[in-house]
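Working notes, structure below.
Labels run A, B, C and D following the written order; every chain starts at residue 1.
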Amino acid sequence: GDSGSGGGEGDGGNLSITFLPKNLGNPYFDTSNAGGEEAIEEFDGTFAEVGPAEATPDGQVSYINTLTQQGVGAIAISANDPKAICDALNEARDAGVKVVTFDSDTNTDCRDVFVNQADAEGIAKVQVDLIAEQIGDAGEIAILSASANATNQNAWIELMKEQLAADHPGIELVEVVYGDDDDQTSFDKTAALLQTHPNLKGIVSPTTVGIAAAARYLQTSEYQGKVALTGLGTPNQMREYVEDGTVTAFALWNPADLGYLAAYASKALIEGDITGAEGDTFDAGKLGEYTVGADGVVLLGDPFVFDAENIGEFDF
Amino acid sequence: MSSITQTTPAPASVRQYRDYDQPLWKRLLLTREMAIIALLIVVVIIASMTIRGFGQPITLTYLILDVTPILLIALPMTLIMITGEIDLSVASVVGLSSVVTGVLTHGGMPFEIAALIALLVGGIGGAINGFLVTVVGLPSLAVTIGTLALFRGLAVGLLGTTAVTDFPEFWTDLAKAKLGTTGVPLVIIPFLVLLVIFAVLLHFTPFGRGIYAIGLSKETAAFSGVDVGRTKFILFVLAGLVSALAGIYYTLRFGSARGDNATGMELQVIAAVVLGGVSVFGGRGALHGVIAGVLLIGVLASALRLANVTSDVINIITGVLLVISVVSSSFLAWLRTRRRAPGGKPRVEVSTAG
Amino acid sequence: MTIPPGAADPAPALELRDIRKSFGSVVALRSGTIEVDAGSIHALVGENGAGKSTLVKIVAGLYRRDAGVFRLEGAEVDFTSTADSKAAGIAVIYQEPTLFPDLSVTENVFMGRQPVGRFGRIDRKAMRAEVDGLFQRLGVRIDPDRPADGLSIADQQVIEIAKAISLDAKVLIMDEPTAALSGVEVDRLFQIARSLRDEGRAIVFISHRFDEVFDLCDTVTVMRDGAYISTSRIADTNVDEIVRQMVGRDVTELFPKQETTIGDPLLEVEGLTSAGIFHDITLTVRSGEIVGLAGLVGAGRSEVARAIFGVDHYQSGTVRLNGKPVPAKSPTAAMRLGLALVPEDRRKQGLVLDSSVSRNTTLAIREQLAKFGIITSGFENRAARVWASRLEVKTNALSTVAGTLSGGNQQKVVLGKWLATEPTVLIIDEPTRGIDVGTKAEVHRLLSELAGQGMGILMISSELPEVLGMADRVLVMREGRITAEIDRADATSENVMFAATHAEEQHS
Amino acid sequence: MSTATTTPTSNVTKRLGAIGKAREFGILLALVIVIIAATAANPNFLFSADGWRDLLLTPSILVLVAVGQAIVLITRNVDLSVGSVLGLTAYLTGRLFIDFPGIPIIAVFVIAVAFGGVLGLINGALVAFAKVPAMVITLGTLYAYRGINVLWTGSDRINASDLPKSFLALGTEQFLTIPILTIIALVVLIIAGWYMKNTRGGREFYAIGSDPAAAELYGLRVTRRLLTAFLLSGALAGLGGVLYAARYGTINSQAGSGWELDAVGAAVIGGVAIVGGVGSVWGAAIGAVLLLTINRALPILGIPDFWQRAVVGVLIIGAIVLDRVLAVRQKRKLIEARDDS
């Protein structure tokens, strides 16, 4: 394979960009990487995708090191840990590799730009609003998250707690459990939640794996239609549950757009159009022009709510 | 046919005892360990010639940084497996010691003291395993499946969703520092010191002789004054201590103490130890083979990653390598016996007359 | 399958001629030859390592011969597995009992050929009934439902015998079946063997005990160094003749008991009790004294020895060596105080079978051998060579794996291993099990000599002549208790056997 | 022990038989304690429809895999590849439904079980013919099979919507309140238990594990038995894979990863000796139920999520210690009984 090792030929710099998701075999990242590939083909770069089989930071570090050795142009990475991969990323940057984080950020000093799917406030708010609406703004709810250390989920959960306390006094968050982004664990945790809390009215799962597993359990249990479920999911995985009424509505941004934007941000960094400083602007193909915000954050947009009305229009 | 053939009575001849029935070179070269070392050399040579970027010194740096925890834990694991036991809890001890270091440092304790306490915790973890195996008399596989969950659970429970990342720069830098300009990481030194200690312990002390005897025949060892319980207990404590050390290194290298650090590493360690020629039934194996086994897996992974081979293929290759490494030796032995067997005899010609 | 008396039967039941077998560079058999007729008992004798067991294993289908002729009832055969030999009507009692420790005694007897009913269901009732009958016939007192694990070597041997007999085979081969048995069991076995002979079976009997050979067998074949030496009718030969052919020289007196001065008590055991196994064992071994511990198989002698040495647990009682208490449950401590135990089961307790002769010989002295805590193969080989040559272990190199030695040579390695520790008191459980005449004399001389030098020896033996010939004092055990203490001068086979079998007898 | 017959030992005999049962009894006791504790804390655990169903349903698949594992362990071998085999067959199941729409469910079962059996047979052949430790071989195939799975699946995933409703129903449907999955597991368990106890083949597994060298001397067909053991383990993992698909509905390339430790753990906790020859498939099954029931009971008992794993560890150790204590006590009684006889 020579895809990742194209040296610094070409005038605009080395446009070989490698996507490094949290783990391989995750449909969410599949979609985002496909978006990245589309973008890279548009501007004639070299796309590659590598990653560990399981979502661990040490697995990612090995790949970052390898990419450093290969001398790629940029790494687009979704971090499994905000700190653990920092040194490896900085070594890569010292070797001239640009680093873009997307989906899940590292500490700000380890990357050039973070492509944020939606600001955390917005993500937390859309989920809180959805669950409040579905359970009539009162009753017990629980959260089924990804792994305990997932940076983005933890940030959202904190914000959801704040918003619940401030705006929804009738809703009580009784427990947060972690399904480790594993189908089976999430499935079994859902079962445990429902038994432990007989008065549970709703579950929020801010992770695509979790919400699908929870929906599958609900669908086959006596709680179908009685316990509300919402969170972040992909339309293809959730279609069945929305159609049969297990789930009324859930939210997500378009992961393909996220990858697409990360690819263009990488290109802009490689070609020197931006440095990651606040106020830099760059062109992102079909998505238009974006501006780098504070702390090198590029914001994709607001999350989108899927329900029975519109889910038929999406395929990812 | 009752003729008595009388042979002349000869005086009892004085027997000559040679030390070895095979010459030194054969004993050294025709071993499982040497086969792995040879394979390692072949892989390194082929990789440097065919894979771009493999020949750089930085490869060595990353390789050593990557495999150091496995190298470290493989040392006591080898000894434990030679006694016929196993310790599946090592990776959980790595996680636990990482978390203990993190929590204590975060709580304001100097890093050095926190690390010492983490070592102690590792030692205690090992002692718990050792106690359950030797005093209570439970199978180590079952015990350490239990403590695998217990130690990991403690680690995850102690830290919850947080990860501690504020460690003194002096130490985090040291974990990644290189020896002068050679590109060889400094951590190689403590590893080499431990390697010498463990190699002498296993191969050149009465204690080590006891370890092999236990693995080959526990009962005979006990009858011969080998304190089977004490030996195993010491080894489990050593495994705990060294795993805790690996945990501290892990924490420093990634600058992050997390409950799920090194999850699943126990199988990697065991795979490497087994590849290096240690028998899971005990009694067989040597440290040079194990070191070569760890490095072989590390080098292969590093080379294949550089060649843009995905992690699943790397896993397939690791697996196939394990299988081939054990099958090939018995295949060769089989070939040898075949060549010597009387040719062309039908398999069975039992007369069932009567 | 009874042979009609007087019927002409030209082909022997079993015939092996010029069998050759080598293992790597070791030639185990050069020209193994034996011819056994139906309706006869044929003895096979030879020194340790002469190749007897190897010949047996070839007949059993465990090894394949490299060359030579192998015929059954005149037809040439070639076995590739033990299943073949079984199918051909051959039953073998191997020198070392090989039972499945986790399975019940009954299952052990019937493994692989259990009676089955509908759906292939094993008929346990039938199996049990058959075992009961078999054990009755053999006079076995082993619980058929207990697991084989923990049975004494003798009990295991008895089960092996029961198994082989129940096969109802045309050819029965017994490789030192009596090595671990005492008089009563041996008599039972012989009765059965004779009745099988009278039914027309062919029996091969291997033993190092010549009284047995002359008592039981019709014909005897002698082997030496893997080669056939001679075959003669028992009636036409005598012990000296056979020994000369076996060893190639005359053998010195068998029980060369030296007169020694008996000194102070070295080993003092008081009130040793382990519930269900032995009770209130009190005994003393003095310097220069050989104390014989006699009794029937299963009397609990080995257990006492193991408890004294600290391998097994005991509930009450004390053990002192040279006046110092020997801590319970620590062989290491016992060894440091100068105690040594040559265990009865050499394969499980005496040797690390997969380890070299050299490592085995030095296992118990590894700590003394080390210099500054470091031990090397050089040290080990040096120490091992001394003992290998003293006991004439038959092997080419010290690196030979102990498991490939012949049974008797394995026993020698175990002896050497413990003598190397230079103990003050040596407990020795069945010292000459499976050792050939020549070496047996050596071992006895060695024991005498050691006692002469002031060592105290507690010798457990099921061989009555050995006990009577060697011991200064005989203790007799029966069902876990010491029932008699008899001085050398008073000891006869009658009073020892009486104490071993009759509960009412109470000597003081 | 006075006369030559066996009459005086019959009392001892019965107690010896009791030891065998005690091995499973200790674990069963631990299981009952866990269920009672959880039900006391929250009656839903046992008495709600979902609670009852999950109690039976959750461990069923692991029971199947553990039964296969127990058979292999009893022959003194181990099959670490079961998790990978399960994952591979689970994905195969999904693919069959997608690529051959309308394929009969029974055909899928047969194909998947056969496929699992073939994977097991590969393990068995390597172990039996090359005469190398099963742990190494199956550790190798653990990696290799999983790698093939990832290679084949990529980041594809089977979703519940890809599978026929009637198939998914198998994963949840009940017959007389007993889930179908549980019935399948029970049938397999009963057959395996019967076979291991009452047939020559079954007893030979024990014999081989108890002493392989002796098995050779007895002329047992060791190679054939080993092949059978691994084939069974693979086939049961394959069956587990199909049922996994029915139960969970979503399958990605990591399905079943880590199950090998659960399966070995279940068997060992259930009294199957890792050195072979000892234990029963019943014990392994109870071990599997215990393992997963502990997992489900902990949240009910109010143990916070993060600490659950630690408690699971403590309980596993507690269960095997309890088992050990009961066995030792029984044995002591037995030896003391010899004095009385």
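Here is the rule we go by: contacts are C-beta pairs under 8 Å (C-beta built on N, C-alpha and C of every residue); 3 or more make two chains touch, one makes a residue touch a chain.
Keep in mind that what you see is a predicted model, and the values were worked out from it rather than measured.
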Selected interface, B-C versus A-B, where C-beta contact pairs are more numerous: B-C
Rounded Å distance between chain B and chain C, as computed from the means of their C-alpha atoms: 40
Distance between the centres, which are taken as Cα means, of chain D and chain C, whole angstrom: 42
Inter-centroid spacing, chain C versus chain A (mean Cα positions, whole Å): 74
Shared interface positions of chain D, touching two or more other chains: 150, 253, 273, 306
Multi-partner residues of chain A (at least 2 other chains): 24, 53-54, 148
Shared interface positions of chain C, touching two or more other chains: 84
All pairs of touching chains, each written as two labels joined by a dash: A-B, A-D, B-C, B-D, C-D
Chain D-touching residues of chain A, taken from the complex the two chains share: 24-27, 29-30, 53-54, 148, 175-178, 182-184, 187-188, 191-196, 198, 212-213, 216, 219-223, 236-237, 239-240
Chain D - residues contacting chain B, complex: 126, 130-133, 135-137, 139-151, 253, 261, 264-265, 268-269, 273-275, 304, 306-314, 316-317, 320-321, 324
Residues on chain D engaged by chain A in the complex (per definition of touch): 42, 44-45, 48-51, 54, 58, 150, 153-155, 157, 159-161, 168, 171-172, 248-255, 295-296, 299-300, 305-306
Chain C contact footprint on chain B (complex, rising order): 1-12, 14-15, 17-22, 200, 204-206, 209-210, 212-213, 216-217, 219-227, 283, 341-342, 345-354
Complex contacts: residues of chain A adjacent to chain B: 1-5, 24, 48, 50-54, 56-59, 61-63, 65-66, 68-71, 81-87, 107, 147-149, 154
